[in-house]
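Two complexes follow with chain A in common, the first pairing it with chain B and the second with chain C.
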Partner chain A sequence: MYQTHRNICPRNCYDTCSILSTTRNGILISVEGDPLHEYTKGKLCAKALEDVKKVYSQKRIRYPMKQRGRFSGYWERISWDEALNLIAGTILRLREEYGNALPLALNKYSGNFGVLHNAMEGLFSGLGSTTRAIGSPCWSAGVDAQTYDFGTFFCSDPGDMGKSQLIWLWGVNPAWTAVHQMPLLLNAMDRGVKVVCFDTYFSATAARSSHFIQVRPGTDGLLALGFSKVIVEENLLDPDLASYSLGHEEFIQYLRRDIDLNHCAEITGVPVKTIRELAVDYAKTHPACIWAGFGLQRYTNGGQNLRAIDALGALAGHIGEPGGGVQYGQFKTWQFAGQLQGLHPKQTPESKGLLKSVPQDKENREDRLLSINNFAEQALQCSDPPVKMLWISGRNPLSQDGNLHLWKALIQKLDYIVISDLFHSMSSQAADLFLPVTTHYEHWDLHASYWHYWVGVNEPTIAPVGESRSDLQIAWAVSHKLNQLAPGSCAFPTGGEEKETLLKEVGPDMLEILGLETPEEILNGPVRARFPATAWENRRFKTPSGRFEFGSARAEASGLPAFPVYRPPLSPSEEFPLRLLTPHHATTINSQVYSSETEKEDFIFHLSPEVAERYALQTGERVLVWNKFGKLEGIVQIENRLPREAVILYQEPVKSNLPLNSLMGTPNTDMGNLSLGAPGFALNETFINLRKLN
Partner chain B sequence: MTKQLGFLHNSEKCVGCQGCEMACKNEYQTDAAPRWRQVFQLREEDYSLPTRMFFSMACNHCANPECLRVCPVKAYTKREDGIVVHDHDRCIGCRLCLMACPYDRPQFNPAQKKVEKCNLCYQRIDKGEKPACVAACIPEALQLVEINEALDQRMGVLKTLPGLPSPDITQPAIRFIGPKQGKQIRRD
Partner chain C sequence: MVQTKGEVFLMRECAEQRTLEKYQAKINLLLALSRFFDQGGEQLPKTLEPLNKAAAVLVQSEGPKELESAVKILEEYLNSSPEVYQALTYEFNRLFVGPAAPKAPPYESVYRSAEGLVMQEQTLAVRKMYLREGLHSQEQGHEPDDFIGTELEFMAYLLSRALSSQQEQNLSAAQYYLELHREFCSKHMEQWVEAFAQAIGRSTDYPLFTALSKILVAGTQSSFCK
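Showing the complex of A and B:
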């Protein structure tokens, strides 16, 4: 018997596709896109099309397991009851020993962005004041930049780009990371709309854009300032600027005084003539849209880079213009009730959305908040009390964090490490206990996107594979066990119905933005939030002044420049003269791998012919790449149109015991504190040296 | 003349995402090794667009299918609409067709010791649906077409791409739209 169910792809990805899954006699046999979803239009990417194999993979962990010694690989199947006893016993013992729950730490992020996964935060809140990872490894600097400029973080409906007469793709590679935007871009070009792609390397998107502009890594802000300078010189400013912005005169003065186009060309690598032509084109074409990607803000000057791009958009009058704007992302559609994680009802929608790991009801609890990007370092510094138990959920920090030697040190100090995941990972090697979780085909959930405006429900399609459980079921079970062993020891619910819990997350705010009467209506299929398609359409902003803020007192108060002025990125040293860039690959999202067939035998270091010549290297030769954090071996691949001062290593699955991040420290971005409570990960500020191996 | 169904692939639109490959695997839940459809990179020397330009190829449902000609057990048949169907039950796994096909499209399944290949989703075609790979291609780079004079007259439609075997051998039912190159501004 065939049956169809609705699911949502839960990955940390722009597209957040709606899925229809088909079962035969209770077995998942195929997946396809849900045509009701007007952004993903019934199509899925290659990653989601592997889901059936992934759900039933032989490598999937189906039972709770305990490891006899960390990194030993001797895993032993145990019962859920034993696993829960181990967890609850450790929690009660540590809380007793230290007199509070701070030795208990949770490190969770985006392995599954479903709202019911916030049960983990809820469980920890139920234990008292605990230690939490906060912030984001991904986009923090840019979120803050747009918050300083616009007052909050919001973007137009991605379909709005279809109205653009000129599209600038700035450091974004939708061909690989947001493929559902490609038809719109290709159709625009068919209509004669110019698509200009700015990037540090020749991406798959650059290859099918009208123009490709190669920008030196970390200098995007200066390039935007150069464009702005031309707009000032050519008198192409938006005549209405004074009516909706703050500080434009001072900013214009800065451009006149401090920005020199020759210097700008020299630093960014874009010739003056090109800067002039592009700036004039951008200022004269209406509507013109900029889509800014995440990579350009993963620098120590990342927030400044995006603020400069925002300012460019404003000077030319493109902010609030249908088909215009500077698009980066949004979390206005994440207005879930936050009941699950015990959030305070008075929280702003923004903080309910992405600050979901930050407990806000400070009256009752004072959690110890550690930056997710410096977690190991900060956890090691905790002494009163130390961190003793760590729960890793939806994350793989031993592959994805920097300063991995600090992680090794932290592991030595921890009494107990629990990981919940689908598969073994580099992080599970360090765990004492492995809890098998369900995929999105095996539990209820609720999802919003950080790009398009659609929100939808994920239904369970099949029974959980093996003895796997959802995060919510695990959290209930742990609380149940704790209360069994010590009544009153955990305030989190000890059981319930997933579907009911989900419906409670559709509170009044969500009903309003979705235009629904009752939470149950969301069960009928994905719904688009009823926002106007264009962000900042009426040019009334959420900043303290209500205007677009070229000059931000809030930024200044945080010790940042008030204006988007040029701040250089870090420079390479003589010892480590090459920058390492690690863009996403089409087949993976960070360490989440979808296709075992694409696993590479070796790391592949992509070099420009210039770099290869400098080091006398040929394609196919083996090299050692190193810096003070670690070293990796791999194969050289020479390609045209790569940066002359950088090496590119895609985040691809490689058969290696060492993760790519062995080469990473933990440089922080300039911004991130305001909206996310911690700065972002400036991972593009990684420098290396290399030499040929014989 | 009978009808000949086939594929039209547009390298300008194809982003190399392998969605078509995976959609085929999703539809038929094939083992990992056999790739009925496969996405290839164009050669750098021909287009100087390293690792960025692709084409996607499955069985080409040729007008003169060599696979069909050499098969000793008549596992191959050609339908009225041009689809070359391989009968998995008849196949004895001798692999003569693998050697005969200029495009390496029949795929040997080592576990089953038999050959398998793209049958152009004829069951879907018979229901009036698009092939799974075509339906899945997000930028609409891959299309199901009727191969005929009118198509070959269309601007920019190519019978082959550099590096592929001559179409004269089997007259494959595939056409291409080659990449055009964006204006490149190299910093200097």
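Showing the complex of A and C:
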């Protein structure tokens, strides 16, 4: 009657929760956090608690469907066999016509981070050299920054923060986006530990912290350099610095010479007195931890911002200190075998599994790699051969990408668009073919987190809803159909067992970090990788020099400053004088919506009293917000402690035919190429104008 | 032996061949409706004609007069061009299937559960009733058991068992099936078919689907058997 299964939340989120799901007579009736999981601790966020509703939503797509005319809304239900024939027929025709598989493009990201979803990459690898979206819309600049500084991308176990005597939350909002870290922070405050929240606006986390420091958007790097300057002036440097770092003297010279605290205060909005006090507190308190979020690196100077924060942590001697460090995220637990996605054996990527994290080995693979953040633009430029068929998986680019007009132009030029998803989306309105996929309650999968150290298996809890299939089953079926129509036409397997496939991804590397003898052992429950809780605890780094690199020759070789120096973000123009910030909201993960009840009637533009006064606006009034990319209408809400030069529009579900990305271009971050093959999306560099409507 | 109401009713009503025919007509209509929903919009060229025929027979054999116009509308669509059938397919999917949120989801629990979801307690309750008869939905676990097509088929099944029992002179069995049919109607179909029909009516501009919603409501009333 009642049965319990283990699941893992597959969303693009710090927490990667371990879930226990209960079924009654084969029907999913409840989900709860695994009480024995060290990080989940029996709790789930409001989003995951909506999972039953999501699985059984009347809006869920149950059958393959084809559309007559993109955006027409004229859909016909078809059988899987017909769908597979359409896909395979198109693939074979295009490959025949152009003599290669480059007209076939895959654009996939983080809709589901489960490793078996890499079957889509595997399928495309099985077709020959194809066109791929690479990079990440999310965190690229920061990943590179930490790779330049530390040599690889790694963070402490999140529990390590519990040892901190001082915690700086820098541009991160765990109260909304990493709720399992909150008990640790609140407990720390109960013990008298100071938690300082740095952000551009008074976030839900700021409201729960000991102190809130408001930083002007895009100036976090300069603020970190200001702190470093104080540490130098006050002679609070880590005395051991010379033994494990490279270039600290030159960096200190730069601070002495080029960083002026008055200028720093003027630009960042943080008074000199506060900068001094905070810097001294940070340097004198041990251990002290900084948790740097993703928002601060979504600028054209984003990588520099994080490198400056890393340098601050190093100068004060907090790197490698238990309870210290500059934490951002990690790849190290993603040591999956990579068989499924068809990684070439010669590749030695940082991680094998975290989607789009790995630049491909160009010597061995001739895939055409397009930046995920400039995908439409670059795909339009492809002429020899052009991109003709696009498969979108785990993504909703028409709601999330910038330069939507280029996406629309690309859609017009494509022969065929396939989208696999759970729900109809802004993007699937453009699809020729819609394939229904399973949720994580309906398939096997394997998951790691980019924050904590746990790796675990997701078991199917219920039968697939309707005719939905997992990405792996879809990839097998496409390969099967291709080989049926043209034997030998696809090298990807034509069938198999999900569970067996999963176990094959637990290869020797993974067994070693998890301390397991056999892959099957992971079926017993999530396992924590056996890394020390403190990143870089022995201060031996993975950089070319083996040291923490204040000065990075690799950065310099990439055309970046060798040192973390201040580079200003973009400035507003007279025409578009306000910056638009679009932080994540508690109720959504990007375009993934969890509760229809939270859907707003209108976009809500949050303004500081200063901005409101400048435009003579009152709360509740309607405004038009526009720039050269598009326009949106919405309602004004005035709040204290918002930036004086920016408007905040949360990524909330809104009943609108236009996504908030109508206002986005695609400015790129300064870094991202090194680890991810493409720069990130500097979406906080969006500028707008607004006016009152009637 | 005391005769129950059902037996009295059945013996009296079924004494005439005309009544038996009427039962058969009702069964045919339920099955035609079931297939209409089950086969999907793409099969309308195949499912519309039997539906029209079944509804017409029922109207002739003392069915509700208000259905006459609905049946006429169905009839007018019978010889539609492929283009019109194509448009009806799209409309069928817009109303009942997707991929955009269907305007009239064809599942009982959507109309009766607090959250408007599929696979809720109503689904399990329906499943239980099927099980009492040794039946289960072929798509159990994938398709909700309270899909309109399945519920319609179950009603037809109960009535046909009642009818064949009657023909075999097994009056207690006939009465059992009639009671079960009545219970299923009152506990399930009648609890949501109106709301479902209204959702169709307010979401479509196609007379075919409005007519269908009327036939559906009239054809599923248990009182219709009297």
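Here, the second predicted complex is superposed on the first by the 678 of 694 C-alpha atoms of A that agree within 3 Å, B and C clash if a C-alpha of one lies under 4 Å from a C-alpha of the other, contacts with A are read in each partner's own complex, and residues count from 1 in each chain.
Definition applied: a residue touches a chain if its C-beta (ideal position, glycine included) is under 8 Å from a C-beta of that chain, and two chains touch if they have at least 3 such contacts.
The structure presented is a predicted model; accordingly, all values stated were derived computationally and were not measured.
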Inset, instruction - Examine A:321 and indicate which partner it touches, taking first as chain B and second as chain C; both and neither are also allowed. - result: neither
Legend entry - Which of chain B and chain C A:209 touches, first, second, both or neither: first
Inset, instruction - Report for A:182: first if it touches chain B alone, second if chain C alone, otherwise both or neither. - result: first
Inset, instruction - Answer with first, second, both or neither: which of chain B and chain C does A:44 touch in the superposed model? - result: first
Legend entry - Per-residue contact with chain A, leading partner among chain C and chain B: B
Inset, instruction - May I ask you to decide whether A:160 touches chain B, chain C, both, or neither, giving the answer as first, second, both or neither? - result: neither
Inset, instruction - Considering only the touch criterion stated at the top, classify A:68 as touching first (chain B), second (chain C), both, or neither. - result: second
Inset, instruction - Once the structures are superposed on A, label A:434 by its partner contacts, choosing first (chain B), second (chain C), both or neither. - result: second
Legend entry - Overlapping contact positions on chain A, where the chain C interface meets the chain B interface: 52-53
Legend entry - Contacting residues of chain A [partner chain B, same complex]: 29-33, 43-46, 49-53, 175-176, 179-180, 182-183, 186, 197, 202-216, 268-271, 274, 586-587, 595-597, 639-641
Legend entry - For the chain A and chain C complex, residues of the former touching the latter: 24-28, 52-53, 55-63, 65, 68, 73-78, 423-424, 428, 434, 462-467
Legend entry - Footprint of chain A on chain B - complex, ascending: 12-13, 15-19, 21-23, 25-27, 29, 32, 48-53, 135-140, 179, 182-188
Legend entry - Contact set on chain C toward chain A in their complex: 40-42, 86, 89-90, 93-94, 97-102, 105, 107, 110, 115-120, 123-124, 127, 140-143
